[in-house]
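Each structure below is given as structure tokens.
Okay, so chain A shows up in both of these, paired with chain B first and chain C after.
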Partner chain A sequence: MADPLFRAPTVDLLHVCPLDDAFTAIFHRASGITHLLVSPAPEILAALADAPLTQAALRDRLAAAYDLADADPQALAARLAELVEVGLIDAA
Partner chain B sequence: MDERQPPADEPRAEPANRRRVLMLGAVGAAAVVSIRPALAQTAGSVLNCEIPVPDRGRAGSFIDADGGVVAPGTKGAFAPPPRPFKGEEVKRALTGSQLPGTSYESNRAYVNYIRRLQRGQGGFTCFASLQMPRG
Partner chain C sequence: MRHSLAVRIGPIGYRIGADWRAPIDRLRDLYRDYPSADVPDFTVRLSATRPWRRWIRPSVAIAGDFTLPEAAPLPLAQALLAAEMAMNLQLALGGRRHLLLHAAVVERDGQAVVLTGESGAGKSTLATLLAARGWRFMGDEFALLDPVTGLVDPFPRLVSLKNGGIAAARAAWPHARYGPTLAGTPKGTIRHMVPDAEAIAAMDVPATPALLLFPRFGAASDSRHVPPSEAFVRLTQASTNYVALGEAGFAALTRFVRTVPAMAIDYPDGDAAVAQLEALWAMR
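Up next is the complex of A and B:
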């Protein structure tokens, strides 16, 4: 079975507003729901903004942009599952 | 030498050896709290979020009086509560009420634990949300 691709909404569907060091507020126009995110969720959304990625490709993309202090695949899977659950990304 | 100066016409970039560190966080931690429109005014979803004590990765551990997580059975420490606390319960506890099902001492230990939560730990997002001013 192919690995699922995770897809973020296009930029025009999200209104992203960093609030302070810890929080980013994201208004999802399609659902009308505002989400408060802490790292690494905003970074994951940004990494998926250009094109859908598998979890492994996403991990590589994040590792290219940041020093991953804890590159735990289960933790990344948990963050992705959480973003899918609240409707900020799709898995296909 | 890796301390070369960028050319004047190049935008200042972070040197490669000073990249931002990204923590993926613990498996049981939450990185998102959603505020649904119908509840936005009362921030109901924030108050209904949950703070496990301790977080799921350390379930079963005891909490000492300072809020530290210690081995089960540690003398003077408190057994974890049977269920996570609701944001609303924690909000009240932070203003002087007692968490449900706690004694004076265990309440103080659990509140100390919650106050010491760090980003990436289960319940941090919920706890931090409780601090945010609301209109």
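Up next is the complex of A and C:
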């Protein structure tokens, strides 16, 4: 079975507003729900905004963009699961 | 409605109708310095819970476009409180022109301090004490945040003083006009106070929000910074229409918390709170 692709809403569907060092507020236009996210969730959404990625490709993308030499695959899987749970990304 | 009154409080126009003359006469007197509402935004009805209850143990039900099913009827002697609650409810649930935050607001030099907190945090008392120290009273119930301008519009309704706040306000404003003392209400003892003439005269003058405070009564004086993310969460909870406004509310609130510094203050009494606020104001 192929690795699942994770898909995020396109940029025009999210209103992203960093509030302070810790939290980013995101308004999801499709649902009207406000989300309050901590890193790396906003970075994951940004990395997935252009095109869906597998978890491995996403990890590479985050590692390159944010200089994460040893991105933990289990932690990333947990963050992805949380974002799927709240409806901000989709796995297919 | 047999008896009615139209009154404008800042940008909000009300028509208040009642089955009885007395509460409307009382409201008309207390609101006599306010302009009339040409086209009311909200209509509030104080009606008898049953037709015969106009006369026998008169009991007031609150009605309007919005009602709370669990809102208990109040005895006629508490009709002023019923009117206040109904006016708040219509705005809280129906207002769409502003992001509504449960807060008192005072202003100086065009800049506003927004004091938010639960009922009992001392918002009304503090706003009254600050007004006696030269601040402009802009409201004790809702901060009306304009999503377009980012300014706070005044909502200087009658001040709703409760319990210990009544004596404190009377000491600060001995010559103000007051409504009757309403004892034994669901909120304790209530007394309404007419805001000072300056507050009413300036009810169309907005202010730039400059300081957000989360006051808490009953502890030794203390203060701490509140980060924007915490202020955001607490204000979504303090807003009655954040969800209803959708993205406009999100944009207004994120702009507010990112531009307005926020502090939580504990205070043992009104004088201490005023001193704390003025010190923070000087340092902002």
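Following the convention adopted for this analysis, the second predicted complex is superposed on the first by the 90 of 92 C-alpha atoms of A that agree within 3 Å, B and C clash if a C-alpha of one lies under 4 Å from a C-alpha of the other, contacts with A are read in each partner's own complex, and residues count from 1 in each chain.
The working rule: contacts are C-beta pairs under 8 Å (C-beta built on N, C-alpha and C of every residue); 3 or more make two chains touch, one makes a residue touch a chain.
A quick note: this is a predicted structure, and the numbers were derived from the prediction, not measured.
Contact with neither chain B nor chain C is seen for A:Ala30 once the two complexes are overlaid on the shared chain.
In the superposition on chain A, the chain among chain B and chain C reaching more residues of chain A is B.
Once the two complexes are overlaid on the shared chain, A:Cys17 sits against chain C while remaining clear of chain B. Of the two partner chains, chain B is the only one touched by A:Tyr66; chain C is not. In the superposed model, A:Ala56 lies in contact with neither chain B nor chain C.
With the contact threshold set out at the top, residues 22-23, 32, 34, 36 of chain A are in contact with chain B in one structure and with chain C in the other. Per the touch definition, chain A reaches chain C in the complex via residues 15, 17, 19-23, 25, 27, 29, 32, 34, 36. For chain B in complex with chain A, the residues that touch the partner chain are 19-37, 40, 46, 119, 124-125, 128-129, 132. Within the complex formed with chain A, the residues of chain C that make contact are 227-229, 232-233, 236, 243, 246-247, 250-251, 254, 257-258.
Interface of chain A with chain B (complex): residues 22-23, 32-41, 43, 62, 65-72, 74-76, 78-79, 82-83, 86, 88.
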